[in-house]
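Letters are used for the chains, namely A, B, C and D, taken in the order the chains are written, and counting of residues starts over at 1 for each.
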Amino acid sequence: MTRISNDAEFRKVLDGLEPVRQRQVAARFVENVLVLCSDERLASVLRIAASSESSQEELAEALKTARATTFACHTRCGSEGDWSEQAGYFVARAATAALTPIGQMPSGPAWQAALSSRMAQTSQSIVSGDDIAGQESNQQYQILSEFLDS
Amino acid sequence: MSKDETLGEALRRQGISRRGFLKFCAATASLMALPPGMVPAIAAALEKARRPSVIWLSFQECTGCTESLTRSHSPTVEGLIFDTISLDYHHTLQAASGTAAEAAREAAMEENYGKYILVVDGSIPLGNPGFSTIAGISNKNMLLDTAKGAAAIISVGTCAAYGGIPHAKPNPTGAVPVSELIKDKPIINIPGCPPIPVVITGVLAHFLTFGTIPELDELGRPMAFYGNSIHDRCYRRPFYDKGLFAETFDDEGAKKGWCLYKLGCKGPTTYNACATTKWNEGTSFPIEAGHPCLGCSQPDFWDGGGFYKALSMPTEDITRTAVYAVGAGAAAGVALGALNRAKKKRIEKAHEKVTINDLEKGD
Amino acid sequence: MSEAELLLWVRGPALQIATAIFLLGVVVRLAEILMLGRKKDLAEARGSAVAGGLRTIFSRFVPDRGTLQRSTFNVVAGYIFHIGFFVVLFLFTPHILLFQDVLNVSWPSLPTPMVDATTIVTIIALLAVLAHRLQNPVMRFLSGFQDYLVWLVTILPLVTGYLAFHRIGAVPPPTLIAIHILSVELLMVIFPFTKLMHAFTFFMARYYNGAISGYRGVNS
Amino acid sequence: MSASLDRGLNAFREQIDAPVAAFFSSCVHCGLCAEACLFYTETNDPTLTPIHKLEPLRRVWKQEYTFWGRYARAFGLTRPVTDEELTDWETLVYDSCTMCGRCSMVCPVGNDIAYMIRKMREGMAAAGHAPPDLVGATQRAVTIGSPMGVKLPALQAQIRHAEEELGFSIPVDVEGADYMLLLSSMEIMNFPEFISAIARIFKHANVSWTISSEAFEATNSGIQIGVSDIAAELVERIVAAAGKLKVKSVISPECGHAYMAIRWEGPNLIGRPYDFKVVHILELLEQLREEGRLRTTGKETQRLTYHDPCQISRRGGVVQQPRNLLNMVAEDFVEMPETGTMNWCCGAGGGVSSNERADDLRLKAFNRKKKQLDAIHPDAIVSACSNCRIHLEDGLEEYGMDMPVLSLTETIAEYLAGSEQAGSKE
């Protein structure tokens, strides 16, 4: 059983994955925080991201949807921020990252998706005031371990 | 020389051939821009013309106009034509003087009342009648008196036509031209300082030929002689068009005969026949002699800002005006600026701090 | 008033009046602007305001490439008529003689046929600029009475000057010259009260623009 | 007390200075400023011509500060400015102008139109004609400390998140640090990765820095809405915090107007010079690069372009620094056709993005950016302003363009040399 306990290891493993596998594990990270986003389009996006059989067209379409969701959710400059909505925004960003082909972002999609998912969780914690330090990352280590073992 | 003699008779008596007479008629026709077909008609009319009575009054003048007419180097047809009029009064030329002279004038006026030609040279002073009198009669009174019976008046020279030099600023005598005082008679202006002799005789010939006064421009000058500007007929015009100017009287340009515009030539705004008839038996005219046109046949030519100042230069001292205007502007501007500053200070002082509660209009 | 009197009047008293109004007005306007003052900039400078200001006075003579591409006609026609106007105004012999008389300085002139051609080009450029003003939606929208007035008093001296030089038309040449001088005097008289003032204030405007940017280390 | 036409007109009178007078005196209605303004070029609506947006201010100048204008007014030759007119001008001054200053670069007579729009907004706001969304943002900025309502706990949560990711702590309220970092609400809310990127770079370059818990907000709604009194109050908070922490410099983050507010307007707003320096993050990064303290490994192979945020480059003077920095990490850095101080605004600055009413116009104007991008077809856009970034993403999405938008600071952080890679624990 693979054990991952820190980000350095976590990122190294993620960056070493095949592109399709990266996408799939990224989808799992996003799924883990999906409840934070009220936009229903993301569920189907994640299905496509998670599947190894998805066609190029499907993937491109899903990326488009994910992006559109991101823009629908972000807080405009100067408008009153709502952190629970902001959590949704980060979920959408995570989904977008998951579907973005390698090379279009400075860092790998899975790592980006993981970070954004954590930001979603942080946003939620700002609303609730809970201390969630380390929770989401630990869960992600778990998800990755399971993914590698599956 | 009898008064009843016709002009033709008088000319023949003086030995002028028919051929010479026709030549004069042709010259007159061309000067007056009449078609050549008119020459016989002119000749016929002049042949039969009675020698008209002419009264010549000289007021504030320099006798230059008379000199121009009489100082020809050799007798000319126009000179002789002049001889054939009945010059009944001309105090420079006539032998009589004093009471006798005035008597001659009065006699001529009476005898030819309504028919005689009045020639005037010189301007008339209105400032003080004593400035210029003849036999104790002020110029003004003599003009008004003599003009009454005249068929037409010819103002010879720029002084009579437009006031001329006596009228120049500051016009100490209050000089005025004939046209200022006489409003009910036809007046022909033959300006020039002096005027061209052939123009004077040409106008007389026209009057004798047609019994009418020639077509005049808006300044009362015969169009036939004053229809073109010096500039339009100037043989140096091509240099003007090319922009080749003499800068001084002895530079290369002057030697090459370039345009005299920069030396103050008033040719472009001066109307006269100098460039075509020329002076001194057609020898030359001032520009040909290397001197810019003074514009002497134009009103107020003496006040045109200086003979050697180019036409585009102001006639008055603009520099001083400019300095005063800038000074006054600076003073006024600083004063107005100070008012603005004071106003702004007041407004700044009255500034009410804008807080977030002041961003919406109250109801 | 006779033609000759008119000519003497426009060369004398009228020119005095026009010069006085022109200079007085311009100096008042400039003083009014300058005396409004501006607050000292308390932010720490990155560049020199003075250097930036002086730089922009000159650099704005060259349009940026984008503007030149998008508004080629506007820029080119504008340049032609401005340069043409200055060539005709300052490089024609009779005009130089006028400046020489008033300012006591002289400079070489351009051959008359070149000034003549420049006049034609300038008039055409001004007509084109007017056509553009009438047809371009932005310019037509922005333009008011004053814009057209200013155009008129700018083209008048050129047209009348051309006619006077070539002695064209039903009016006698000296009257043409008088009308020409009068048109210039009209230009001078309305100058301080209209946007013709830009001929002086653009130096200030460019300086301020360049100074504001220069202080921040930007070449504007 | 509330907003009124009188207060607005007084503000106009107060704002007019020699440059304004020189500018208005010089305009000949050539219309070139329209061609420099993306709101005009993408709508072809002549009413959006920049100089026209200043018409009420121009009339006040003429009627109040020119001899001739005073008489014109006395004789009824010129109309006084009315409240209805200001209502009409509201959208011109706030919705269709980002104060990007591109018109100011193009005006042949040298009019700084953006300078005047900034001043005009003072009067508009005092007359009660600021857009409601900007009013709301300004009220939040003053009462909460952030136009977006970001409170300290939110920042603390983001910092904790970053620390968790980084594996080292982020200095907060450290007295005597060299640099005090400001953040924009946008960064805290939408782009919190900026915080960790900065932290990594500063650790790498050994920069002594801190964040103040009392004044972390960099943005200044006061200068956007056009109320100097409020803007000054917001600047004072930063000055007080900087004084309290005894820092040598304050860092303005990746936000355009924040830099304008704290770097250039700040001392003038509070009426005294600072006793600390203000640097833009890109200035600081460039300085670190020059000193050899900022080292990177590897290069981005994608075709990158740089979008100059107007207030940082054209209006702020940080032009060359981002290019040097980008060249350090990009193999294929291409400039857009009109770039640097002549760059086209994204269309969202100057409060436009905060103003929901202007959404359609803002996206329409983005077509200008699209044309610029179409000329070079980059793979990604790098910029240095969160607001530009959000709007670029928005616009690209609107126009169906597939192109990520990156932060320059974050991009640099990705290529840092050495072992300070994310997640590494020492």
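Keep this in mind: contacts are C-beta pairs under 8 Å (C-beta built on N, C-alpha and C of every residue); 3 or more make two chains touch, one makes a residue touch a chain.
This structure is a prediction, so every number in the text was calculated from the model and none was measured.
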Next on the checklist: Taking each chain's centre as the mean of its C-alpha atoms, which one lies nearest the mean of all protein C-alpha atoms here?
Outcome noted: C
Checklist entry - Among the chains, which is located farthest from chain D on the basis of C-alpha centroids? => result B
Checklist outcome for this item: Set C-D beside A-D; more C-beta pairs touch across C-D
Item to check | Euclidean distance of C-alpha centroids - chain A vs chain B, Å | outcome: 103
Checklist outcome for this item: dist(centroid_CA(chain A), centroid_CA(chain C)) in Å evaluates to 65
Checklist entry - How big is the gap, in whole Å, between where the Cα atoms of chain C centre and where those of chain D centre? => result 38
Item to check | Geometric centre distance via CA averages, chain D-chain A, whole Å | outcome: 30
Checklist entry - If you look at chain D, which of its residues touch at least two other chains? => result 16, 65, 67
Next on the checklist: Give the residues of chain A touching no fewer than two other chains, as numbers and ranges.
Outcome noted: none
Item to check | Contacts with 2+ other chains: residues of chain C | outcome: 28-29, 32, 34-37
Checklist outcome for this item: Full set of chain pairs in contact is A-D, B-C, B-D, C-D
Item to check | Contact footprint of chain D on chain A as seen in their complex | outcome: 6-8, 10-11, 67-68, 70-71, 74-81, 83, 86, 89, 100, 103-107, 115, 118-119, 122-123, 125-126, 129, 133-134, 137
Item to check | Residues of chain C defined as touching chain D within the complex | outcome: 28-29, 32-39, 41-44, 46-47, 56-57, 60, 63-67, 70-71, 74-75, 78, 136-143, 147, 150, 192-193, 195, 197-198, 201-202, 204-210, 212-213, 216-220
Checklist entry - Where on chain D is chain B touching in the complex? => result 1-4, 7, 10-11, 13-14, 16, 64-65, 67, 125-126, 128, 130, 135, 138-139, 142-143, 225, 227-230
Item to check | Residue ranges of chain C touching chain B (in the complex, touch as defined) | outcome: 2-5, 7-8, 11-13, 15-16, 19-32, 34-37, 93-95, 97-98, 100-104, 109-113, 115, 167, 173-174, 177
Item to check | Footprint of chain A on chain D - complex, ascending | outcome: 133-134, 136-137, 140, 147-150, 153-154, 157-158, 160-161, 164-165, 167, 185-186, 189-190, 192-193, 219, 221, 224, 300-302, 348, 351, 353-356, 379-380, 386-387, 390, 393-394, 397, 404, 406, 410-411, 414-415, 421-425
